[in-house]
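Both complexes shown next keep chain A, but they swap its partner, so chain B is in the first and chain C is in the second.
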Partner chain A sequence: MASAPSKLYADDVSLVVVLLDTNPFFWSSSSLSFSQFLSHVLAFLNAILTLNQLNQVVVIATGYNSCDYVFDSSSDLNRSFENGRMPVMCSSLLQKLEEFLIKDEQLSKEEPEGKIKSSLFSGSLSMALCYIQRVFRSGALYPHPRILCLQGSPDGPEQYVAIMNAIFSAQRSSVPIDSCYLGSQNSAFLQQASYITGGVHHKPQNLDGLFQYLMTIFATDLHSRSFIHLPKPVGVDFRASCFCHKNTIDMGYICSVCLSIFCKHHKKCSTCGSVFGQAQSEVASASDKKRKTPET
Partner chain B sequence: MPQVKIIAKNFMDMVASLPAIKLDLLYRNQFICEAILRSLPPLAKKYVLQMLYIDIPITSKSLQEWLLADGSSKHKVAIDRLIQLRVFEVIDRKKETTYKLNSTFQTNLRKHMISGGILPREPMPQSVTARLPTSEELDAYAHEQWECFLLQLISSGQAEKSTSFSSSMMRIFQRGLLRQRDKEAPRLTESGFQFLLMDTNAQLWYIIREYISNSEEQGVDQADLIGFLLELSFHTPGEAYSLDTLTDDQTTMIKDLADLGLVKLQKGRKESWFIPTKLATNLSVSLTDSSSRKQGFVVVETNFRMYAYSSSKLHCEILRLFARVEYQLPNLIVGAITKESLYNAFENGITAEQIVTFLQQNAHPRVAAKIPSVPENVTDQIRLWETDLNRVEMTPAHFYDEFPSRDVFEAASDFARMHNGLLWEDAKKMRMVVKAEIHMLMREHLRGQNK
Partner chain C sequence: MASTHVTKRAKYKTTIKDPGTPGTLRMTFEKILFVPHNPKSAGKLDVEFRYIKGQKHTKEGSNKPPWLNLTNNQNGSFIFEFENYSDLQECRDFVGKVLAKGGEVSEKPTVAYPDEQLSAAEMELRIKLLQEDSELQKLHKQFVLSGVLTETEFWATRKKLLDREASKKTKQRLGFKSAMISDIKPSTDGRTNKVTFNLTPEVILQIFAEKPAVHRAFLSYVPNKMSERTFWTKYFRAEYLHSTKNSIAAAAEAAEDEELAVFLKQDDILASEARKKIRRVDPTLDMEADEGDDYTHLPDHGILREGSKEMTESQNELYKRSLSQDINRHAAVVLEGRAVDVELEDTKAVAEALAQSKQKSSNKGESDGDTSRERLDRLSRMTEIEDLQGPNTLPLAPLCIKDPRDYFDSQQANALRSSGDALGEIKQIKCGLSTQEVYGSLRESISSIRAMGLKEPIVKPEVAHQVFDALTNSISNTKYHIGKNPQESVLDRLPRKTKEELLHHWTSILELLKHFWASYPITTTYLYVKVNRLKDAMSNIYPQLESAIKFRRLRDLSHQSFGIRFPSLFVQCIRL
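Then we have the complex of A and B:
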């Protein structure tokens, strides 16, 4: 997506799409309660909107079964109150969020067994990108977009392909994905997303100070980032999931035609239909396939 | 020379130049804190956010640790601004400089972040105000008011309806923009021309600035006015607000603001109210922003003909500054850019660059999509005609002659050449012309030789 520079606002006007993890399975086990988390985030949103009159914030809730827009600072409904009335913004956000949670709960009738209780991150990421594309094409001037993922749930390996596709499309339209991981282990998806798109990934040590982390790191506009020290990735977990069983693997087989990844040898590629030859012992050493990440 | 521009851009300088006590008073108002925060450079905004919840002073060293190597100039600008506006308080301890956020400012901003802002005042209920103008009507109104004001400003006779500004007030606005030689019709000055070519927001700030500094002379507190103006920019455009909520000073001021098109005054059966327009709410948007860009109307062809789709007298007046207007149709002004018309403009102190920017900024949407929006041969020719006028370059210089000997002369000319200051020399008659900058050096050099 070629974005003519003349269509951008001044350097520091930003559109922040926040992906909010609302997975109940995660929040019930987290040290930080969901309401505390929300109060940190709401204050952060306020801050973003305060920084510049033209700043925009969109919040997308990532549930267990679904995801939906819960807040858009530019929508007409909110505009009629405009910035003077933050309490209205909060209440409308909270109300929408509650409706979303109830709907999300209704969708999960049967209790999943043994599955990793991840949230629908791929869905919300795609929604965010769709929103940004719409802004790009709206014709008028648009702010610098970026995505901020506030994620706590563990990665769902079955979403691997969808998430990677979303990440690459974000990279193509040069939208950085910032990620703040709130869970206990680290998330490979988020690390890769931020690494590939040039965003910032950070895992706060102390969740009580989440607001300060958000303000110091994630409130930085894209323009200022070029002269400020931000957390750099120490090591990025590049592991991929196989296409056949959705397992996270270190080593596997890769289709030489379409780069699909498999954990076992197959006779035929399930994605593109290419017929493979006999598996030879040295073929297994082709473990480099996980490096399909292009240089950024 | 471009004095007007500098003045118009740095409204916050004016805020910064207020005495400390008044600034502290201003910061008691939440909206002003917010407006000030918005006016800061991006890096300064970041520092404020970062330090919002830190109560102890921060050393300047630890702030700098956040910076990458090439950010130090931006850092300096940001810190200077923060100190100027007294958002940062500087505490010198031993050898280290430490900064702390202004506590009033800090509390107000915290309040804003946590509980969200409140409205400056409640809009009036629909039942009282009945039908309010739509946002298009309001924009049109603001536009018309502003144009009418500008017309009156540049040529008092032309405006269809006059604003209620007293003639003394008008004269204050005109100060610096118009020049009147005795008994002649007033003529625009250089800065006046530049003023007309600026975009609306910059013009607005210039006028507001003049207005504020003038009201100071009339005994109205400057800080109050600034506070009210900034507060006004946080009202929702298109909503009605009761006039009863204003103080006396503010009521007088709002009438003047209505003349500028910042607010629209309306009267109901019992109450009267004001409706802020977009012009007012754009006040706190940073001035460099082109967000208030209007739709253009000018089409320039490669044959130097110019078509302006506008019925506005003001536009016609502006175009007349640098082009020959040939005829006017109800919605179209047709003119040509000629050498004579441009020379006229240059004589009046308009630069080619300004004309080109004006044409580009106001390009009709049909041609604005093209690159370049103004044909290249036209822009080039405009610039060429300007350089035609600047064939002679002036350099302040000093003339030396009557050197005692050829040696002294040659040493002196070598010396001048070494300092890049020799403009002309005549070795036979031992005379030379040297740039004024190195005159002092030259003198010392010659004195040294004489001894």
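Then we have the complex of A and C:
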């Protein structure tokens, strides 16, 4: 893999990058209220920091129009937000979160009805990977990085390509992506992400005990995962979305040059520019019909 | 051999070369006591039968003196020399009995129920089987000694085992040869015109078995009317006439010689027996012929005797006999089996023995009253017309049968069902509020939490406990491990003792289920009582299974979140 293993700390020092879903449309219709959710998450972050002195936590907020870093445990800017009722870390995080939401609201534009209200998951995933890469290139030793996604919004098929690219680069850098899905349906992207990168995906049945789920499953560091059993999903939903309309499909056309997926027959591949259709010789048929089925 | 002890004079030898110390050997069920005549000599022996493993002895016919050699557990041996072979025999039988009994684990031999006459041989067989198979012994102890199954029921399903044991002892009886030795050809002396027939008792037995008229003639004529030699001469004359197929000559000679006529006529005893047999044929027998059976359109069934194909006149029907008749009769006799077991010394003995056996079989056939009623019962059962019958209201003993798919597939079904919702259109978040409102509500939650601090407590203990339980169960669910590794099975991950216990429960449930289903349809109260007893015994096994697994689970939770869920095995047990 990319990073030399000798630069990693031994044992269970971990860097957890938490992607927090702050899609207001989702939270307004969720059974779990945002404040309860924040209590669970803040306590969990505290717990991670107490597991090991050298642990680090970074929180990235996944908004509807933008994403931003809202917390970094290794930075020194936390001093200024003293509040008697809660630890310093929590108050700074909340302050930053509020500022982020104001900014995000300002960025919102009029949108047509009927659009799926998904958060910018691809953006926050990319930001997380960039942060991890920077950590890799800095200092002599660094902790084992992993990404934890706390998502509730549905998948946005228009982000399929970006998310898949991010997942593959995470796989290449051996950064596991854990995911905890808080919504009502299933998220194919999160399942695929955890499956491909070797993380753990879980959909909690009882959202009141979210803290317990986080502590039991997602607090285990990468070293301990070799001997602690974590829940495995029954099956993984491997459906893709087509490149032209961004619909989720399970049967479509694939360009044999760049493997782009299309739901309808095209004359030309929009990604790589290769021309489909009748070729000079009978053998060359550039477009094959291939079937992608959900794997169980 | 009903004595409880045996006392004999014998000499005790430590090795074969040892001359032996004379003394008295006394054997009881518990031990062997040897006291030498001379109290000063050192050969006293007091050994318990528990330590005796086996025995060997010298053969009677050989020139060796009668020795009995008892081997013990440590591979030592005690050799006793007896005065004669009958003594040796007695002691040998006694030791054999004690050794057979010694292996028995239960305190007293099982009681023979009054409705079943158990012979001693039968009892011995059962005890021997129980000794050899410890699994069988455990099942026997569990069910029969606790009264769930009776002795008869337990062994009823194991007839094959018992038969196999029994047949090991009895020698196989030789049957008749399938070659037609009764159709003997004489040897001719090239010089004179004489032909010689060689008759052995074996051949004579076959002739008498195949031709009962000849048998009857022999019994009545010899030695009153004619000698054996004349009898057989006439018989072979008749055979010769048959073989020439000259029915006219046969009729002529039959008219002359009355005794010869007996051999030439059709066998009337055979005919009457055949008629009786036809009357007894079961009308429900399915004798549907197929293409392979179609030989009837050929004359004489396709068999040509010595190349002749002519049809002869009917007036000499009486003196005709066809090859097919001979062959069929021979085949029937061979299949019936050998009725006579004695050594065949001479013809008279053979004839009488055969007559006796026939007498016995005809006596059996006379108890026809019962058998015909039985037959009528069976006929009426087999030919019943179902839609004309009344409603069949036999009692039922309901079992608690659950669909095994509930255990296996429920998780899968849930997962697929929920992913099925995501197929096709993704449900949109119906949001009636405007953008401003939603952002506003989110910011409000943040301010509230800043004001009030984190939720207290973060998570309620009961909820946490529930979550933890559910997670542990799902993590340890064996369905994720089944099928991944072909060498490994669920049982291998359990400790040996638990695994054996589980397998024993499984075999006992199978045993109970066998008896349960064998008692349907429930037509008598005895069966109903039995079925309920079996049902209770089966339901008693569930809590035992649970405790076996639960103990294991609690122990393992202490160091890892690892445990075995047993529903798959459990459901195997109750799977019906």
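Basically, the second predicted complex is superposed on the first by the 264 of 296 C-alpha atoms of A that agree within 3 Å, B and C clash if a C-alpha of one lies under 4 Å from a C-alpha of the other, contacts with A are read in each partner's own complex, and residues count from 1 in each chain.
Assume a residue touches a chain if its C-beta (ideal position, glycine included) is under 8 Å from a C-beta of that chain, and two chains touch if they have at least 3 such contacts.
None of the values given here were measured: they were computed from a predicted structure.
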If we overlay the two complexes on their shared chain A, which of chain B and chain C does A:Asp12 touch? Say first, second, both or neither.
first
For chain A, which side has the bigger count of touched residues, chain B or chain C?
C
Would you check which partner chain A:Ser28 touches, where first means chain B only, second means chain C only, and both and neither mean what they say?
second
Quick one: classify A:Leu210 as touching chain B (first), chain C (second), both or neither.
second
Examine A:Cys244 and indicate which partner it touches, taking first as chain B and second as chain C; both and neither are also allowed.
neither
For A:Leu141, using the defined touch cut-off, is the partner it touches chain B, chain C, both, or neither? Pick first, second, both or neither.
first
What is the contact status of A:Asn52 with respect to chain B (first) and chain C (second): first, second, both, or neither?
first
Touch test for A:Ala219: chain B only (first), chain C only (second), both, or neither?
first
State whether A:Ile228 touches chain B only (first), chain C only (second), both chains, or neither.
both
What is the contact status of A:Ala162 with respect to chain B (first) and chain C (second): first, second, both, or neither?
neither
Going by the contact definition given at the top, which residues of chain A touch chain B in one complex and chain C in the other?
43, 83, 85-86, 90, 211-212, 216, 228-229
Which positions of chain B touch chain A when the two form their complex?
34, 37-38, 42-43, 45-46, 49-50, 52-53, 65-68, 70-71, 74-75, 109, 112-120, 234-236, 284-286, 288-291, 293
Contact set on chain A toward chain C in their complex
22, 24-29, 33-36, 38-40, 42-43, 83, 85-86, 90-91, 94-95, 97-98, 101-102, 104-105, 108, 114, 116-117, 153-155, 184-186, 188, 204-206, 208-213, 216-217, 228-235, 237, 248, 294, 296
Applying the document's contact rule, which stretches of chain C touch chain A when the two form their complex?
411-412, 415-416, 418-419, 421-422, 426-431, 433, 435-439, 441-443, 445-455, 458-460, 463-464, 466-468, 470-471, 474-476, 480, 560-562
Of chain A, residues touching chain B in the complex:
9-12, 43, 46-47, 50-54, 80-87, 89-90, 141, 211-212, 215-216, 219-221, 223-224, 226-229
